[in-house]
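Going in written order, the chains are labelled A, B, C, D, E and F, and every chain counts its residues from 1.
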Amino acid sequence: MIVSSTDVLRVLPEIVLAVFGLLVMGAEPFLRRAHKGVLGPLALVGVAAALAATVVQGLHPGYAFNRLIHVDNFGIFFHFVLLAITALTILASLRYLERENINHGEYYALLLFGTVGMGVMAVANELVLVFLGLETSSIATYVLVGFRRTELKSNESAMKYFLLGSFATAFLLYGIALLFGATGTTFLPDIARLLGSQDTPSMLALMGIAMLFVGLGFKVASAPFQVWTPDVYEGAPTPITAFLSAGPKAAAFAVFLRIFFTALEPAHEAWFGIIWASALLTMFVGNLGALVQTNIKRMLAYSSIAHAGYILIAFAAANQLLTDVADEQARVNAMAAVLFYLVAYALMKLGAFAVVAHVSAGERNQDIDDYAGLHSRHPFLAACLTIFLLSLIGLPLTGGFLGKFYVFTAAVQADLIWLVILGVVNSVLSVAYYLRVVKVMYMNEPGGTLTVAPVPAPLAFVLTFAALGTLYLGVMPGTVFQIASRSTLP
Amino acid sequence: MTLETVLFYVLGGLAVLGALNLILQRHPIHSALSLILVMASLAVLYLLLGAEFIAAVQIIIYAGAIMVLFVFVIMLLNAGEEERTNLSRMARYVGLPVAAVLLSGLAYLLYRAWPVDLLVQPHPSLGQTRPLAEMLFKDFVLPFELTSILILIAVLGAVVLAKKEL
Amino acid sequence: MTDWLTRNAVFVITLAKIGLVLFVLLTAVAYLVWVERKLIAHIQSRWGPYRVGPHGLLQPLADGLKFLFKEDIFFPHATSRFVYLLAPFLAVTLGLMAIAVIPFGSGKFELLGTQTGLYIADINVGLLYILAVTSLTVYSVALAGWASNSKYPLLGGLRSAAQMVSYEIALTLSVVGVLLLAGTLSLRELVEAQQGHWGGLLPRWFIFPQFVAFLCFFISGVAETQRLPFDLPEAETELVAGFHTEYSSLKFAMFFMAEYAHMITASLLVTLLFLGGWLSPFPAGEFWAFTRYLPAAVAAGLAVVFLQDSFHHQPLSHRVLVILVGLALAGVAWGLFTGPALLELVQGPFWLLAKAAIFLFIFIWTRATLPRFRYDQLMAFGWKFLVPLAVLNIMVTSFVVAWGAD
Amino acid sequence: MTCPSELADRLVIRKLQSFHPRALQAASEFRGQLIGVVSAALIRDICDFLRSDPELRFDFLVDLTAVDRYPVEPRFEIVYLLRSMKTGQRLCLKAPLTGKDPRIDSLVPLWPAADMLEREVFDLFGVHFTGHPGLRRIQMPDDWQGHPLRKDYPLEGDR
Amino acid sequence: MVPLSYYLVLSAILFGLGVMGFLLRRSIITIFMSIELMLNAVNLAFVVFSHYWTAWKGLDSALSGQVFVFFVIVVAAAEAAVGLAIIIVVFRTRASLNVERVNLMKW
Amino acid sequence: MPDPLLPPPLRSESMTLNLGPQHPSTHGVLRLVLELDGETILRATPDIGYLHTGIEKNAEKLFYSQVIPLTDRIDYVAPLSNNLVYCLAVEKLLQLEVPPRAQWIRVLLTELTRINNHLVWLGTCALEIGAMSIFLYCFREREEILKVFEAVSGQRMMCSYFRIGGLAGPIPLDFHHQLDLLLKILPERFDEYEELLSQNRIWLGRTRGVGVLTPEDALAYSISGPNLRASGIAHDLRKAEPYSGYENFDFDVPVRQEGDVYARYLVRMEEMRQSVRIIHQALEGLPEGPFIANAPGIVLPDRDTMKTQMEALIFHFKLVVDGFAPPAGEVYLPIESPKGELGCYLVSDGSPRPWRMRWRGPSLLNVQVLSKLLPGHMIADAIAIIASIDFVLGEVDR
């Protein structure tokens, strides 16, 4: 048989998601407008079922589909993270869509299908599959970004995201082609084996790595390939912005880690410099850019660029530690730092954008100044946003703090002191723009336009979950960090 | 000079000319036609390289479906000639030189990467559709299934975006 | 000289074959127009062309001359001269290109010391080649519509682009069933897979197990050639003349030729895929041996018809012409009766063309009989009926094939 | 008003008179056809009344045209031919208009059928219909001078 | 016979021209076509490499390069559908295909 | 009324398409300005006047009897109906009695005209929808009818056969024989058309539910004739206000409720069969007697009398030079022409020339209703609707 039953079990979450996506899509035309509300919960059930399926998948680790898929702890970890992000996004979208008058089942179907792509990325062991997973999630998000299609900004950002995304895809593909040319295979472990058998990586492989980095760097929004981020984040429907800043980024990092630490591991010296420089550039571009923003979505967009930079520091550290065979534990810690940071980052970013999605309905309340006096109008929202912003700064007792702590620790262990210092400098820089929002919310008088509807229950759940999660990671990071260190790549 | 060599130079030249024309023409229809020319010459090059199936797919899907869609949209929107505007300074002073340097470097490196005595040569499993099909439906069955979701997304997305009323 | 010829035999033979096929094809196109006019006229109880030559047999010649010497309306106000000229050129080139991989028979013969067969090129993916070439024909129509810079052509061009792309899907899908049974993409092997007879009588043609696919294929084929009832792109009463409203003289004739060339290709392809191509419908064996003489008999019959007809014609020139044609046919018949090698070679093309003629007749017959679809009905028919039907056919066929393989 | 006594007790005449005292100016019958001369100023109300009255129901506008009585004044007669689909009765209404700036209310709000008929009268007689949604020339070219069906428009030769 | 590296150079040139087009052109639809050109260049590279590994190294599994091309074409089709839909929407809301006019938001 | 809950539709530019005046399916020189969204019609504005011949004006300078040939040219597909309505109007003005034989022949020939008209209608309508052969079949039968006309009047199309007071001359000797043959083949041929169309899936798809005209709209737009009857209103002037002796004939008035193109097609098909019925009756019961009224001073005396009797010569002379002068007054006379209510409004000032002749043709109103019927349909439907509604540009523009 071409496909065995264990094969199926190892992609069960994706199958479940796809089936529910089809259900949502198929039900859409048969529902009257008043009943479209059931599609969101249906999608949510799908994600929950996929979470359960991930547990099943976790019980059957190993290769599947002729080694196209490698189900390991790393993949399972990302599956959980990605599914949680999708679930929170759906919850945050429930009321938002009704309010924005774009309540169509296709939205949820696209989210689910996009998550299928991201799930595949997390467990892919082969470049064809990586590429297809990446494109599945990208094309779904291109559409989602432009979902408010009569809105000028929305379709502008869809256009920019699409053009630059496809551009980056072409680079990624060229990179893959060159790697294929250098090794004659597209399986990650085989690439590693063949590259390892050469003394120095061939010219083709090196060029391939560079091109791959361009493509993946775009997907994680690292400098200098970050230009699309603010525009796309600003124009997209805000729950999608939240999703974009967490989901595809996490999935892209998963692929990034897997390709670079599995396939390209023998050539790691070659790409260390790129990562290092990119981390630095990304942090500065993100933080300096955020400083001058007045639009809150753009500000958060730049902040997410900056955070990609922090993650890249840990990435560089893990890479540097590859040479040091002895210090196995330090390398694991460095990689676990990436995973931990991603979780913390996803929680706080999702939460922050969820608040923005509720306050900045339609085209209103986009400016930071519009948040003046949010505290007096809506203490719950203000408090949640404050927690997320403080966590983004990296103040103690928040997930953001410990994330940075682990990252910088890893960097110190890898002797990347300069990188750490510059990272800290950046964190200090970032205090300015995050605190400005907090100050505006608490100190300033509310403006006339700030009328906020009461928080609907699903959104309240999302915010509470994210806020508590952020605090939990900040107070008791142990469990999650443990899990993360067991989920690293070998 | 054998027939193959001549064909390579002619078709390669056509492809480069088409690509140049694509970026130099101001009317999108002409650009699209140039791109079709590139695709057609590439298809014949694929034949020379022994990839018959890919050559056919290239014409059927790429030139026969995707580019038709382009032409269709250009006609539908009645897109006129591109306005002549100045390039953004960023693109002109940084982007283009960097791109030019990088890519000529790339071309040179690729030229150096392989010895010149590696020639195109026939091989039994090239040009057969069967091994390709077996690979596609046995080894790569999962990606193949994934493409169905991908296409579903594309259809769904295109309908959601471009439909007049929802 | 002979030396050079034998050295470059393949090259020379291929060129010669291309020339021959092109000549035959162009003549066939011209006379297909005559046949269509005659047939439709008779269906509509008229005479049809009658003046030029006996029974209007020289009408195609006259039409051709007319097209040549008609005043050319050059570039009415075309958006782009290049594209305006490219469109008809593309149409006719692609129309003629598709014929290159059609095998006309299994017969082999030796020429200039090289074995060769009744085809221009026998390639592995012949079917894909034809699909590829036909998938490009949409450009000629779309570009013509666009370059004319006029509203009716534009509408016609848009319609045709949508129509051809849509029906191409049904067309391609319906072929898959046949491919599953035959397991090859080569047209020659596809025909060879249909050899033999069920129960010694019923030919093993794919039309029987794949009747649904056959219907889908033929209907989509009619739609692809944009003939009635699918002739919306050039629906005369709606869009004047559709995409070629602004074309005249030779450029118009090119579109015209392309349409008929497509008809011929489509008929040949249906025959190859579903009706056993050049295979005779009669089983092998002593009892049926006499059927080998059918081509000769047909030629003889035609000769008799022509010679007898010469009594009815008044103008001397007509009479002479008819007698000459009749004598030529009689010569052919005689040659076939006495030369077994020639008879053998002719078997394949004879059956192929005879079967294709049936489809050509259906093409013309539907045109004379059926009203025209509306644009949305046409699209709905393609997408909601033909495509699902073709997919269903693939599923059933693949299940049966898989079952049989186990 | 002038009205032969044998017509006075016709239902239409009575109804019209009771509808408005100035509605009917004269009535006559010729070859079995009832002809009412009505006030041009009231034409729309009269037609509306005739159309909607449950007993009369003149709901079918058969024709709308004009006659030029040049040189008599009032020069134009706008002729309305009505038919009742209920009773099968026919009625001819005439609204006299003077030659100087002839204008009358349009009936398009009542019968969309009046659209082109009124345009034709406008085109060929030069009668203006107030309230018509698009009063343009219909038979003659847009830049034509004069109104051909007027009696002072020559029948032959250049104008 | 032609050295394989010539094909690679051709691929690099086409890719470079695609990048140039992307940076130079102002019309969304032409930019998109430049991207398609880049994908075509990638496909050529894949076919060349696949040929190299199969015909020169006898690695039959390297036919996966052609499989990759097949997938790239499929993805390109999907991208074209979505991309052109986006272009249509942009055109409908702005009546222009010039990227510089589609610029409410600053980088 | 758009649903306020729906998101606003995407804007798209509409395209203006000029259908005509030179277009294969506008039956002459009609110009329709169509505003299109894709292929869907948003607005349709008929633009007429390309065939304006000024017949109404011309009639004002001719004697009453000289107008007859002009009327042929108005609805050139049904010329005898035009002759009939004009003669009837003048006869009403004069209060002239027409001998029964003339009346019956008039009925017979106008019914033949009706078949002729409907055949042309069916042929062109089918051709418009793409059924090419029907067109030629219809014209084949039409040719037979035209041969009858030619035998009767010497003209295939512009017959001018009716005169004020009767007919221009006696019917030919083999008239019965000719008609018998015709009447035998016609019903068979009608069956043949119906076989090709009535159950044809494509034909049904193209005509059913297309261009639905509601009875209310039909009345508001003053639609009459087959179009009105296809919309469910059983109104036929031959029954409602019989003229020319129609009360003596037994026939049915076909009615359909749907009001779409298909209903109009069916109504006309049935009307042709009913016309055959009427012709049968007229032929069988054709009364003997003179073919024209004996009304000296109005009807020209026949050549023999004119050459032998002085009085007749004087009448002839006076009629040719001065015409005849009906009393001052005005009449409106409607008949049921193949296309609907055809009316002639004549104003006499007591002079030998009509003061005003107004031609109330159904075609103008049929064209006008297009602006109501077309919006919301696709171009192809528009062609089908235009073809189904039946008008002649000569009558629209006059």
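Just so it is clear, a residue touches a chain if its C-beta (ideal position, glycine included) is under 8 Å from a C-beta of that chain, and two chains touch if they have at least 3 such contacts.
If you're wondering where the values come from, they're calculated on a predicted model, not measured in any experiment.
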Find the chain most remote from subunit B, comparing centres computed as mean CA coordinates. D
Note to self: most contacts are between B-E
Using CA atom averages as chain centres, what separation in Å is found between subunit A and subunit C? 57
How many angstrom between the C-alpha centroids of subunit E and subunit D? 72
Determine the centre-to-centre distance between subunit B and subunit E, using the mean Cα coordinates as centres, and give it in whole Å. 5
How far is the middle of subunit B from the middle of subunit C, if each middle is the mean of its Cα atoms, in Å? 32
By residue number and range, which residues of subunit A touch two or more other chains? 128, 132, 135, 139, 142-143, 146, 149-150, 155, 158
Among all residues of subunit E, which ones touch two or more of the remaining chains? 8, 15, 18, 32, 48, 50, 52, 61, 64, 67, 71, 75, 78-79, 82, 86-87, 89, 93
Subunit F: which residues touch two or more other chains? 6-7, 10, 12
Using the touch definition from the top, list the residues of subunit C that touch subunit B in their complex. 79-80, 82-83, 86, 123-125, 128-129, 131-133, 135-136, 138-139, 142-143, 145-146, 154, 157-158, 161-162, 165, 168, 172, 185
Parts of subunit F lying in touch with subunit D, wherever the complex brings them together: 48-49, 52, 54, 56-58, 60-61, 92-93, 95, 219-222, 233, 235, 240-241, 329-332, 334, 341, 343, 345, 347, 355-356, 358, 360, 364-365, 367-368, 372, 397-398
Interface residues, subunit D side, partner subunit F - complex: 30-31, 33, 35, 59-63, 65, 67-68, 79, 81, 85, 88, 90, 92, 111-113, 115-117, 120, 124, 137-141, 148-149, 153, 155
Residue numbers on subunit A that touch subunit B, as the complex places them: 2-3, 11, 18, 21-22, 25, 65-66, 68-69, 104, 106, 109-110, 113-114, 116-117, 120, 128-129, 132-133, 135-136, 139-140, 142-143, 146-147, 149, 155, 158, 202-204, 207
List the residues on subunit B that touch subunit E in their complex, please. 2, 4-5, 8, 12, 15-16, 19-20, 22-23, 28, 31-32, 35, 38-39, 42, 45-46, 48-51, 53-54, 57-58, 61-62, 65-66, 69-70, 73-74, 76-77, 79, 82-83, 85, 87-88, 91, 95-96, 99-100, 103-104, 106-107, 110-111, 113-123, 125-126, 131-132, 135-136, 139-140, 143, 147, 150-151, 153-155, 157-159, 161-162
